[in-house]
């Protein structure tokens, strides 16, 4: 039994202990290896970090430490009682959760967001919702969808039958929607990403597993049903051999594609996330001990040296199709085509990287208007700003093969767990079905570019180039 | 005399009783025939449904049941006293009604809407006001009108005389306005659609009777004055023989045209309507017993298999002119012309079907700009978003023969009954007259496309194509 | 001495008495002659109307009655004490006036508007501020100015000298601003239009006298300084002989031009004005006795039969230059030119006639872009929506010879009387001077079209046609 | 010792004493020489003005008076005790400062603005924040940036290295940002501009010293580190010989360029600043004694006769490069080129001169679209409306060599002093770095016009002219 007092003597980079689940660990040698970076450990040296550790790591994360790192049990009598004083905002969250309606009463995806803001912990809300700098791209992603309208056709066919089923990347799914790789589902619900996996399995839609998932890939694959299609999202590690190992592992586990994220080769300031960790005047004296925002705490291992050559690196290590996620311009779709990738996700990381990156739906429209042949050369997906079925249908009609959503699933997981995630899928399915049939299509194939275009009359400069005058 | 306890034993799909106006009915065999669908009955099995029944059905609706369905009187002493506890929002509505000004003090159509929101029952307001999904089309319908402005001409003629009289579909009316077929007027006022009929008769304007009117067509025709022009709006029944019967019946009653609605071959989520029926956290335990939104409760019989061939079906069964309502694109106006229909209503069902369907006034502008010859080939009407006389005049100047309004009449019926409906007509007549004469026309024929166009200076790309540079 | 009781016996159209300034008048024969129309008198039959009468009429208005109409003095002891109960809103207005800063502390024209809303009587505010129907044109008039920006030039000349002096309609003035003919200044201040006249005389700017001024033309000319330029605004009377008499009278008094208003040949609904007179639920029982809005009460004599031939009628009766006010389209400016009028005011009556009439500054821009030669053929002025010096400079740079303001002068007259009116002129002069010199002009002649154009970069479709690429 | 009573006898233009730091000065002869103008002194005649004097003047300003102007000490017992009554708004400011978070917790530049509004004195806030007339240009400067978006490129290069270093006007700096010449830093912090100098020295960025700085140029140069680049901003004096002396002095002190401000040859109304000095109703009686807004109090000496010939005047007196600040049109950039100036700052004086002057970023876009060759002929900078790193990167990508910020530095100086100024630089550096690397550039040279353009899809009229279709 080690006393808490003793632990406090080991709080430097050269000698660093922490307490997790009643045990004392010497993590000195692990600091440099920590995927989330040095600072993420050092700012908690000497502390009891069980709760934080659990929310940010898969349950098997301690296995990354050598056995001798565990120094023994902490003497619980010596650990100062964490005064579990509930703040006023904690009490408000608790009260909100008590009056929160059941998942079935959520009518729009935005309903989950509204409740998530009221019931999630400040850390969770700040991490999920945050976007970079002044959040213009975050807002633009959604606003841009509002600038496209349909031209519904009537009496075209029997609407009593039909479906939203489709195929993308060779995978059959119940609708052209996938779960974008979003990290840290445990911040919202203790079961984490596994809730997403189970709901996706039942609904037969694709989940893209984040490299930074708070459940391990093993846990997620274990939670999946037979033949459930899972895609693995990859951040390349500074140490490429670890990336090789990881790619081979997920291929073996049964991943159906590698989604290579290319828009985070550099940091960004996630404003809300940073604010949540910044000292207020009340604790200004402790301002020198900075706490890292979640975003920084989990991304330390990612390589900043990413180039088009890395496509070949990945190709060399897997037979799986490669999807490049994070394309933000027509020109880079062309680059993807010339590098032979099987799929592209036009995405600005949900407004979390370059503020003032363009809305994905606008880039999709540019491609349809100026380079429609690209849709034949690779499979184009988008994510960012999708909040209703009509958004999905707009993207598909313009030529996307599927669209990804991140935050809505995380919000619903945070408010209602797996049942919430299912409800998001149910709402999307209903809205997509309604939108499709009400504009004249009962299959995905019947959605055509001429069904969608800019708001306002399609006259003169406002007429989509792909529609005859 | 049947006891309430006994009734409670018959609450399944195989054995279903309900209590209406003091009588017990066995509706088991009628469930499958119910125009509003099975679920609408089953969710009320065993209950006293008099109030709900009366608001949703014509007074002769019980005649659809065979005589033997009436099992006898319920023993009133056994029926549990409905605790008529007024909720806080009931009390607010009551208080609002007490201070509501008289109809003559309503100056704008929006004034009725404002008061309707304050005094109507939650069910009525939610059904009338609701629109689909995120309600973008509902808002766009109105916003789009705000993007068109006039170019008034002065000193053109003696304005001391003139009129708003016109003819459309061969019917002479006092102004180019008709009552769009809107259902469930009884939700707002116990006399229901009959209020609309009487006001329309006095004002000499056309009423289109909804297939889902809460008064029967017989009641409505009975309330009409001699030669009062009524149009019948038709949803085709899954059982076409019933549609045949209905068409022949209304022709015989004296309907002047059949308005065939084509934009509801599939469902939509009416958000407010759905929210009004969704469980809140307070009654989450009863969440399994879903109550249908009004929209779903009344539309179960409608056929989802609608195609252009149905024009011929209707034509075969009537000599009346056919108006196709629910056209949302220039291309489908062309389809209507090629199918020889006498009239078209450009409409997105008041924003209640495809969210992000375009505003009707924008489609009208597209036709004027790109296919003006279509105005010669069929009579084009619009509805959706019209809230003032200027909106009417814009549509007529661009080429519409008439415009329809739905919600404003229902709101006024709900606040002030027949007097409210008359006041809406009076306001519209005054505003149309004022607008016409102040822009240089004292007859409908003098309204010309060059009098209206986009907001802002008509220079360069913003100049309407139909006006010489 | 006539008793109040006796007066109450004469309250019909056939026998109508009223009490003004302690005297009883039989106005039966005058009802049909009343310039403000029959209803305006009848709704006050039998009443003590001194206060209302004084606010709406010049002080010599009683001279229009024959001497025998005066029946004698009312017995003051019989007149029921008007319970001078101050309403809550009266008390708020009084309190607001007590804390109102002096005129010199008003920094923007909008400051006067803000205080006017707080301190004016409901009738005055409603009449001044009101606009037609939903008030879109009222707002557009101002919003449109916000869509034009300058391209200031620097280092062009010595700015230590310069002036805002200019000439329009042959009149030299201190700045290109005139007082638009706005009626009923007495509603805001007991001295009425005379305050405007005195301030205009000192500042050397033109006042256009409304046909419906609450001071008589004699009073106004009397208040003017020697050679002070006054223009007379003319509504043609149904009885043209009265118009002839009036034209000859004002020419003799020294008016410098006739401003013929052509945009009110028909009524409009002034929404605020109408609301102020509409019954609320509290007095619904008295709803049958309608009180006319001010607008209606004063306009009954105006002819609705106005055509281009009336230019010749006016020309026949005066040698003064003719200005046509109320032109709202490029085409009607051309009509004015072809009818040889000396001046044109592009105006939509401050948004008080056709709602959705275009903003005058936009029509001015259309002329500059499409028919610049019109500026050489007649003098073009505008009014509507001008609220700062930059607005004035924009119009002048595009080609207007002068601009008119109405409401800002009425608001300032209502808040601070003549001193307020002077302060409006001072603010305008300062803002015009600052704007001119800061964009590179120190005389009116140096203002050029290329100094102003649409907001945003002048690239492609947004580049003004009158500026070389 | 002179009594306060005696001082009160000398309060006219012919005989004017004031009390500064316990001494009585006869400033009669200095009134005409006062750089801030006569009125600025006269309105304080006879008063104790130490605090005001210190905030508005460098510490050596009293040396401008001849020794005999000091008449002796004031008898402190005779000076009326200034009742230091704290107003409610003083108390609010004090309370706000107590809860203000440390500089490190400010995440966006806007955070400093928000706190500055809460904690600065009314005079300081009003002077810093104020803009001219209705403040449209002030808002447009910022809004315009929001209408430009990036097209980020991915996988282009190793992002692990790179820098924001650049060179403009021959000066190497750590990022393409300079401190715009903004006056009166002492209003926000007693150390004044010296705080800016020290922070700029550490961060290796250029400070432009305002002619109206509240620290003297000697003080500022003294506070600078060796070789720290400082630019001197010049208002030409009505007495050009004083300008000559000044130019030669600052060249000798080591200034690296002369920034000649050309957009203030005439006054403007700074609305907030004026309001702060205007009488309220409470002190209306004293309204005759006007207090000058800060803007007027400090600018009396500036010459209003500025022309292109003045470039030659400056050139004659210095070998330093000349930057012309205050250019607001493409045409005047061409004028600068033809006059051979080394640099241009497109600026509208932060919206403080001509209201409705265009946003600098829009003018920059015009040049890029229409006259790209100008970027080769002079160095173009902009200031106005920049509030984040993305704004900086947009300007640089379009062709600007550097951008200036004024208010953000003054706000931060006012809230947190030198530490606040440093934090602004830190935030900008982080945001610029993040933006650059996330759009595909790791050096300033790699920023290209095709990376930035208007919001929305780049299709048709919205496609930047400098990007191939």
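By letter and in written order, the chains are A, B, C and D; residue numbering begins at 1 in each of them.
Assume a contact is a pair of C-beta atoms (placed from the backbone, for glycine too) under 8 Å apart; a residue touches a chain by one contact, two chains touch by 3 or more.
Just so we're clear, the structure is a prediction, and the values are computed from it rather than from any experiment.
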Could you name all chains that are in contact with subunit C and with subunit D at the same time? none
Could you classify the subunit A-subunit B contact as same or different, where same means more than half of all interface residue numbers appear on both copies? different
What rotation angle takes the CA atoms of subunit B onto those of subunit C? Round to the nearest 5 degrees. 90
What whole-Å value do you get for the distance between subunit A and subunit D if each is reduced to the mean of its CA atoms? 43
What whole-Å value do you get for the distance between subunit B and subunit D if each is reduced to the mean of its CA atoms? 61
Subunit B, residues touching no fewer than two other chains: 461
Where on subunit D is subunit A touching in the complex? 98-102, 104-105, 107-108, 110, 146, 148-160, 387-390, 394, 430-431, 433-435, 437-439, 455-461, 469
Okay, in this complex, where on subunit D does subunit C touch? 132-134, 136-137, 140, 144, 147, 262-263, 265-269, 271, 274-275, 278-282, 284, 287, 303-308, 310, 326-332, 335, 348, 353-358, 362-363, 365-366, 369-370, 461, 465
